[in-house]
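Two complexes follow with chain A in common, the first pairing it with chain B and the second with chain C.
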Partner chain A sequence: MAYPQPHPRLSILSTSSQSSTDHFPPSSTRFSLPTPQSRSNASRPNIYDRNLNKTRIAEVSSAAFAFLFSELVQYTQKRVSGINDLERRLNTLGYRVGVRVLELMVWRAESSSKVPKREIRLLPTLMSIHTQVWKTVFGKPADAIEKSVENADEYMIIDNDPPLERHISVPRDMSQLSCSSFTAGIVEAVLDGLGFPARVTAHNTPTAQHPSRTTILIKLEKSVLDREELLK
Partner chain B sequence: MSHHLFILSPSDTPLYSLTHYSTKPTPSISSPLSANLPTWSTSAFAGTLTALSGASSATHHTSGGSVRMGGGQDRHVIQMIANASLDVVEDIMKKDGAMYLKSVDRFNEWTVSAFITPGNTKFVLLHEGKNEDGIKGFFMEVWEVYVKAILNPFQTAHTPIRSPLFDAKVRVSAKKHL
Partner chain C sequence: MAIYGLWVINKAGGLVYQRNFAEGLAQLSSNEYLVLAGTLHGIHAITSRLSPTGASSGAHVIEGETFKITILLTATGTKFVLLTSPAETSSEFILQRVYDAYADAVMKNPFHTLEMPIRSEGFDMRITTLIGTGQTS
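Showing the complex of A and B:
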């Protein structure tokens, strides 16, 4: 466990939040940017001094997110060779989000508790994904959670109107594509982190009532079921 | 009294390590084994051998300040103990949902406490004395700083944490709690 000396070039990462904004031109009324004084180093604490609960109830503009996600899908689409590849890449991007969502979400819930707990049973974990994770990420719980009848290792989380896809219309020739693969990646990261390795995919399952209904299919690894059996 | 903290990624690669020398008084621990060790044990592999045999004070000589050298205090011995404790930690974390696992493992004068974050990152702390509340407080503060570090989009769960600000924060809480 030997460490090299901290690389001087990398240390800039930690302060990038302060310096990167300084390259913008001074305030322009059109975008109503804050005045230069308010973004100086003195008034802008570094991320380690910021309170993690500050943005707990903050909301993100859905339009801004729709643009960002649209760019994200376009960027990915230019670099892949098929729908499967595209979904896999979106999944990987979601995974990066999921890792952070999990740590932050649990920290907010448990850091004030005397005996902080991790979830180690499968069903409570799935339930907390259905409610807590969905609430943290999308601001509402998912619509249903089901267990597969045919396969004991498969669970499904169903969202009737995923906020992620509200502004997406998939072309007819790509009807297989579900951009909720991004959500699947988030779910996979949460399950992985808590020690339930699984393969998570997203599928379109439209109904007459809910045309954008999406199913997140969770296929657990065998080790997870074996461990559940032992914990009973 | 020294403390050694290791932060390990879910795949057990080291992300960060810290050695903290506490200024609080140490209860001295004497080992009856140390007197019976053959003289060759103080030669080439002295540190490892004396540590494994349980003699914490065989090569007990101070070299500047109150820092003890040799015996169970050698860097490679510390790392080995921390690594070895992972087996026990992984066993316990499958059955026990608590994040703070106090005194999971013992090795000679060292006690190992661990903290598992929800994302399966492990904080392993080697300490000599008993200080449950202090260690818990320390782990909770390290967890908060760790969450802030991991929120950085350039940080992945497997890259070492090199931020000097992170280091400074952890050192401050070590000073406060240990």
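Showing the complex of A and C:
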């Protein structure tokens, strides 16, 4: 069976920012399919059959998540050479989460609405990432959203105390590393899914008051800005 | 009342964390600290088998005229040891809080290797705030 090739924009797998001109083979690592369950427990319904709204307000143990994320970073670290590679892998893993976050979020917000809509303008999209996505994933909105003064295509979402990094102390020799690359992957997937292709990276920007302050840098593709211009 | 020092000993008897807080302890080299920790590990193993009435969790407090050693043994075999003046009353409480900090800042940190010396800024920071408040109360 031949499926149409997905959009060749695989920014995180390429090192250049002009990823739309590169033609990398589509990566299967960005998406994963649920493995079929060999034996479903008769007493409990299959997790895929569960009502999606049931877990809307359910919360996950932050300790359990911290251990899971810690293992995830350790697993990734064993398979990479260098910090850039590690950040890219974390981004890829986040991307796979983000794809699902977007679908679930939109489904929950719009399925009950009589006039379902979707975001097509850039600023409302960024605002909804800052508030809705952050609330869905972390249980609190991000702390700030800024537009770069130097580059028109860059936006920044700032979290003063990312819950993801609360228990992580990065060793000195890896001080460049930001484990929020995972968050960047989530943001990238949400933007991608809404039709705003972008390169998203995470950077440590500590202040005296907030030592783990992190900036998620969004660099939009030119086509997005061109379209935004037309929509004005 | 004073807190002199904190040790963390892994389940094999190796010293993975050592920090002094107040003047009053003899100056020791890191090698001597390792030997002391290993000795305490051995003593603790002996005391845990001394009980005439079945299993025991070993020594909790070792007290001298000028010092007190309080030991917290966790379910996984890690020992937290607090060296204090004999009058210190909050040792157990502080050790529990150190255990909390250890669980959060060390065990959940992907850059920590099990049973290896603890080098985590987060843990250092938590201990600084903890022992700081421990002394004023």
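Here, the second predicted complex is superposed on the first by the 186 of 232 C-alpha atoms of A that agree within 3 Å, B and C clash if a C-alpha of one lies under 4 Å from a C-alpha of the other, contacts with A are read in each partner's own complex, and residues count from 1 in each chain.
Everything below uses one rule, namely that a contact is a pair of C-beta atoms (placed from the backbone, for glycine too) under 8 Å apart; a residue touches a chain by one contact, two chains touch by 3 or more.
Every value quoted in this text rests on a predicted model; they were computed, and no experiment measured them.
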item: Chain B versus chain C as contact partner of A:Q74, first or second or both or neither; value: second
item: Touching partner for A:Y48 - first (chain B), second (chain C), both, neither; value: first
item: First, second, both or neither for A:I168, with chain B first and chain C second; value: second
item: First (chain B), second (chain C), both or neither touched by A:R118; value: first
item: Chain B versus chain C as contact partner of A:L231, first or second or both or neither; value: first
item: Contacts of A:V99 with chain B and chain C, given as first, second, both or neither; value: first
item: Partner touching more residues of chain A, whether chain B or chain C; value: B
item: First (chain B), second (chain C), both or neither touched by A:Q176; value: neither
item: Chain C-contacting residues of chain A that also contact chain B; value: none
item: Chain A to chain B touching residues, read off their complex; value: 1, 3, 6-7, 10-11, 13-15, 46-48, 50, 52, 96, 99-100, 102-104, 106-107, 110-111, 115-120, 192-195, 227, 231
item: Contact set on chain C toward chain A in their complex; value: 104-105, 107-111, 119-123
item: Touching residues on chain A, where the partner in the complex is chain C; value: 63, 66-67, 69-74, 77, 167-171, 174, 179
item: Of chain B, residues touching chain A in the complex; value: 6, 10, 14, 16-17, 79, 82-83, 93-100, 116-120, 140, 143-157, 160, 162-167, 169
